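Just below sit the structures, each encoded as structure tokens.
One chain, chain A, links the two complexes that follow: it is found with chain B in the first and with chain C in the second.
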Partner chain A sequence: MNINRNIAISDTGFVFDPSSGDSYSLNPVGTEIIQLLKKQKTIEEIQVEIVSKYEVDDVQLEKDIIDFILTLEQYNLIENNE
Partner chain B sequence: MEKLIYERPLIKKLVTGMPNKFGMKTVNEPISHIENISVKELLEKYGSPLYVISEKTIRKVFKTAKRAFETRYPKVQFAWSYKTNYLNSVCNVYHQEGSWAEVVSGFEYDKAIGNGVDGNHILFNGPDKSEADLTKAIKNGSYIHIDNFDELYTIVKLVDEIKEKPKLAIRVNMDTGIFPQWDRFGFNYENGEAWKALNQILMNEKLELVGLHCHIGTYIMKTDAYAVAASKLAELAVRIKNKFNKNIKYIDLGGGFASKNTLKGAYLPASDTVPSFDEYAEAISNALLTSELEPQHMPTLILETGRALIDDSAYLLGTVQAIKRLADGRRSMIIDVGVNLLFTAFWYEHTITPAQPFSQYTEDTVIYGPLCMNIDVIRENINFPLLKKGDNFVINRIGAYNMTQWLQFITLRPNIVMIDLEGKVHIVRERETNENITNSERLPMHLQKK
Partner chain C sequence: MSKRKLTIAVTGLNNTDNPGPGIPVIRGLRDSEEFEVRIIGLAYENLEPGIYMHDIVDKTYQIPYPSAGTEVLLARLEYINSIEKIDVLIPNFDAELNTFMRSADKLKKMGIRTFLPTLEQYEERHKSVLPEYGEKYDVRVPKSKAIFNASDIYSLNDDFTYPVMVKGKFYDAFIAYNTEQVKMHFNKISSKWGLPVIIQEFVKGVEVNVVALGDGKGNVVGAVPMRKQFITDKGKAWAGITLKDDKMLEQTQKIFSATKWRGGMELELIKTNDGKYYLIEINPRLPAWVYLAVGAGQNLPEALVKLALGEDVKPYENYQVGKLFIRYSYDLICDIAEFEQLSTFGEL
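Let's turn to the complex of A and B:
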């Protein structure tokens, strides 16, 4: 699973997809996750990273990450090559 | 290192220049406390969901309304509209403030008597009065507001048996320039039916006409409509005086003032568009004071205001059950408050506010109640902060009609508490139990398990 290579992500939570011309806004947790995905981190690594930083339990986070990735897929921001 | 506050990851497509049907973000600050009492603690102690009533707000709003009218008109009497909220604790706050009772059934009538209201401080409205109800009302000296000719003839018949003079008014319906015109209750003004009924009462020595009543509708945003209604009732009073040399005691304009809840589909929030008590009072007083009524015999102005008095005084607190995504990608939030407890969700876009801090990020959300029924929608489209399972919220302005029109449907009704003037919390209606519901059921022998 990879974030589309040519997508631009700013630190302030702004995403631009040059292939479609669409732009998106993210909240802080969303920004972190998408940046970690871009660095090719696995879901497990992302979970560890977020749990260490934020007040959230594993179960809640896992649910939210799965849902978030589904949304990214819907927006065609992710290439799922599995 | 202290951990950061977590909020679920969110990505939102930016659409420029497109109006968003989910609207602008509606809430800015969490409601963590109600009158200095923590929402979380209330829910922990009394269970979720929970109705919370503020005695302080009831009294404050009542005083505001009363002042608006009493500073403009010499004689004013409020009568608490029982159907709006007939919890005894609520009714008694209004009675302590000087309100009479306005009832529309034998059940409500008995409730008012049970609350210690004098018979001659009860207004009996509506088309649902049995002969037993009418007999009781006549004997107690209550004011009977007649709805139709059948009721009038029933009263004439009963009076021959009871040998007491009933105190009567008629309900008048009329064109006040608003749509829809409510013509199913009472006698019509324009077609002369009201005048005909009044003549029949006034020509019968065994009956006493004391007042004129109307209730032109509910959630009436136009103060002009009240001015028209007041003028038409004043005109009838003047005709009564001219023909029968009789001064009626009161003109009752019913209820119907809008509360500050926004109606579904309204373009602007109600808090920006709904008239104040002062504006309603100005229109009504002006119409009565400039009518042909004799200044030395001005009738008492009675008001049966319901929703505008009580809506702001109650809250419904609850808990998020689940967050999920719908097939079309929209977010849905399931809460433990359904239309069974929040009947007014069918009419209003209720304001729902998280009880814990939240960020400025929001998502287009559909809010569903917990009932396994398609009708159970609390908000169809709302731009809402990112809550998670277990988070709490507060729905404010729910005092009118919810605690009477609620449904015992699928689940049981929760506790209702009242915060008194000292900040003490009282349970004023206990949560229901299975026994409350099943005790009145009877199982035929052949269906019982052996």
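Let's turn to the complex of A and C:
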């Protein structure tokens, strides 16, 4: 799973896709997840990282991360190579 | 280094909700590091806003409509040139281009340079012959048909499924969901722009455009792709953003290499959800959003002037992606004396 080439992600959570001109604003957790995806982390690794920082139920978190990734895919921001 | 002084005449001062490219072209010229320009505005109507923008346009002359004939226009330009000594003229309306192209040699004899497409290039990219263009240059275009008679509307069902686009030969485009709506738009468009009216397959996707400049030898001097971010009810971009889109640039290069396009051009494309590009229109001039290209690093109006002067221009290779333009409206306050001066004497 890779963040599409050229996608610009700022520290504030602003995401810009230069091929479509679309931009998106992420909340802080979304920003953290997308930064971890950019570092080529797996879903499991992302889960471990988020659980260590936030009080969250494992099952709920996995569901939320998958939902989030599906949304990124829908907007052509990531390619799922898995 | 002192800047070269040039006098440049520009049409398309109608900076309205359906803007002509005149004002953005002039802004590009005024940003030039090489030229110091005196701008002569050429206006058809006395309420074109550019006439009254004195920091943009130095002096304006009214000129006759193309329908008045070439001789009348040339006589007027000869008079204007006797006072202003115009170096380069940049026409910005589709409807006037034919007249200026036919007059290019006569203008050159007056000392006025232009940089326009050839008549053949101009004619073959008309909306009414887009299918032939697509076939000739191997470009994907939507199915379209030029109709000359309202009775042809009833046979459209044989070739098209609704909705369809109904387009004027120069301007205007409406979406129609049934025969009655086509008929209504046909009447409206044909009375305004004449015949034919073009019926085009409706392609669903995102509207993306390229502004480009060709040197007439097959080279692209500059090209910037843009996506409309906000579209007015007239279908005009009111905001847009530069894109990184290699496919659009490849398409532009392909068309310019094949046609040896000379001058400014706007390619209008639809990008479908599955990533296909359909060429829906070619406008034979720089578009009203050309100043975005200037802001993104390609001063295409400046390059066009250099080409008109017969100078070599190094092609632009880069531009900034993610540059936005956002249009706004602004009230100019003018004295009636200015309006009177233009209306009475034809110059201001």
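One rule holds in what follows: the second predicted complex is superposed on the first by the 81 of 82 C-alpha atoms of A that agree within 3 Å, B and C clash if a C-alpha of one lies under 4 Å from a C-alpha of the other, contacts with A are read in each partner's own complex, and residues count from 1 in each chain.
Methods note: a contact is a pair of C-beta atoms (placed from the backbone, for glycine too) under 8 Å apart; a residue touches a chain by one contact, two chains touch by 3 or more.
A quick note: this is a predicted structure, and the numbers were derived from the prediction, not measured.
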{"item": "Superposition on chain A - do chain B and chain C clash or fit", "value": "fit"}
{"item": "Partner chain in contact with A:Leu36 - chain B first, chain C second, else both or neither", "value": "neither"}
{"item": "Angle, in degrees and to the nearest 10, that opens at chain A between the C-alpha centres of chain B and chain C", "value": "90"}
{"item": "Broader residue contact with chain A after superposition on the shared chain, chain B or chain C", "value": "B"}
{"item": "Touching partner for A:Gly21 - first (chain B), second (chain C), both, neither", "value": "second"}
{"item": "Contacts of A:Ile78 with chain B and chain C, given as first, second, both or neither", "value": "neither"}
{"item": "First, second, both or neither for A:Ala8, with chain B first and chain C second", "value": "second"}
{"item": "Partner chain(s) touched by A:Tyr54 [first = chain B, second = chain C, both, neither]", "value": "first"}
{"item": "Nearest Cα pair across chain B and chain C, whole Å", "value": "7"}
{"item": "Footprint overlap on chain A, comparing chain B with chain C", "value": "none"}
{"item": "Interface residues, chain B side, partner chain A - complex", "value": "3-14, 325, 329, 359, 361, 386, 388-389"}
{"item": "Residue ranges of chain A touching chain B (in the complex, touch as defined)", "value": "15, 22-30, 32-34, 50, 53-56, 60-61, 64-65, 67-68, 70-72, 74-75, 77"}
{"item": "Of all residues in chain A, those that touch chain C in their complex", "value": "6, 8, 16, 18-21"}
{"item": "Residue ranges of chain C touching chain A (in the complex, touch as defined)", "value": "206, 226-227, 229, 240-245, 321-322"}
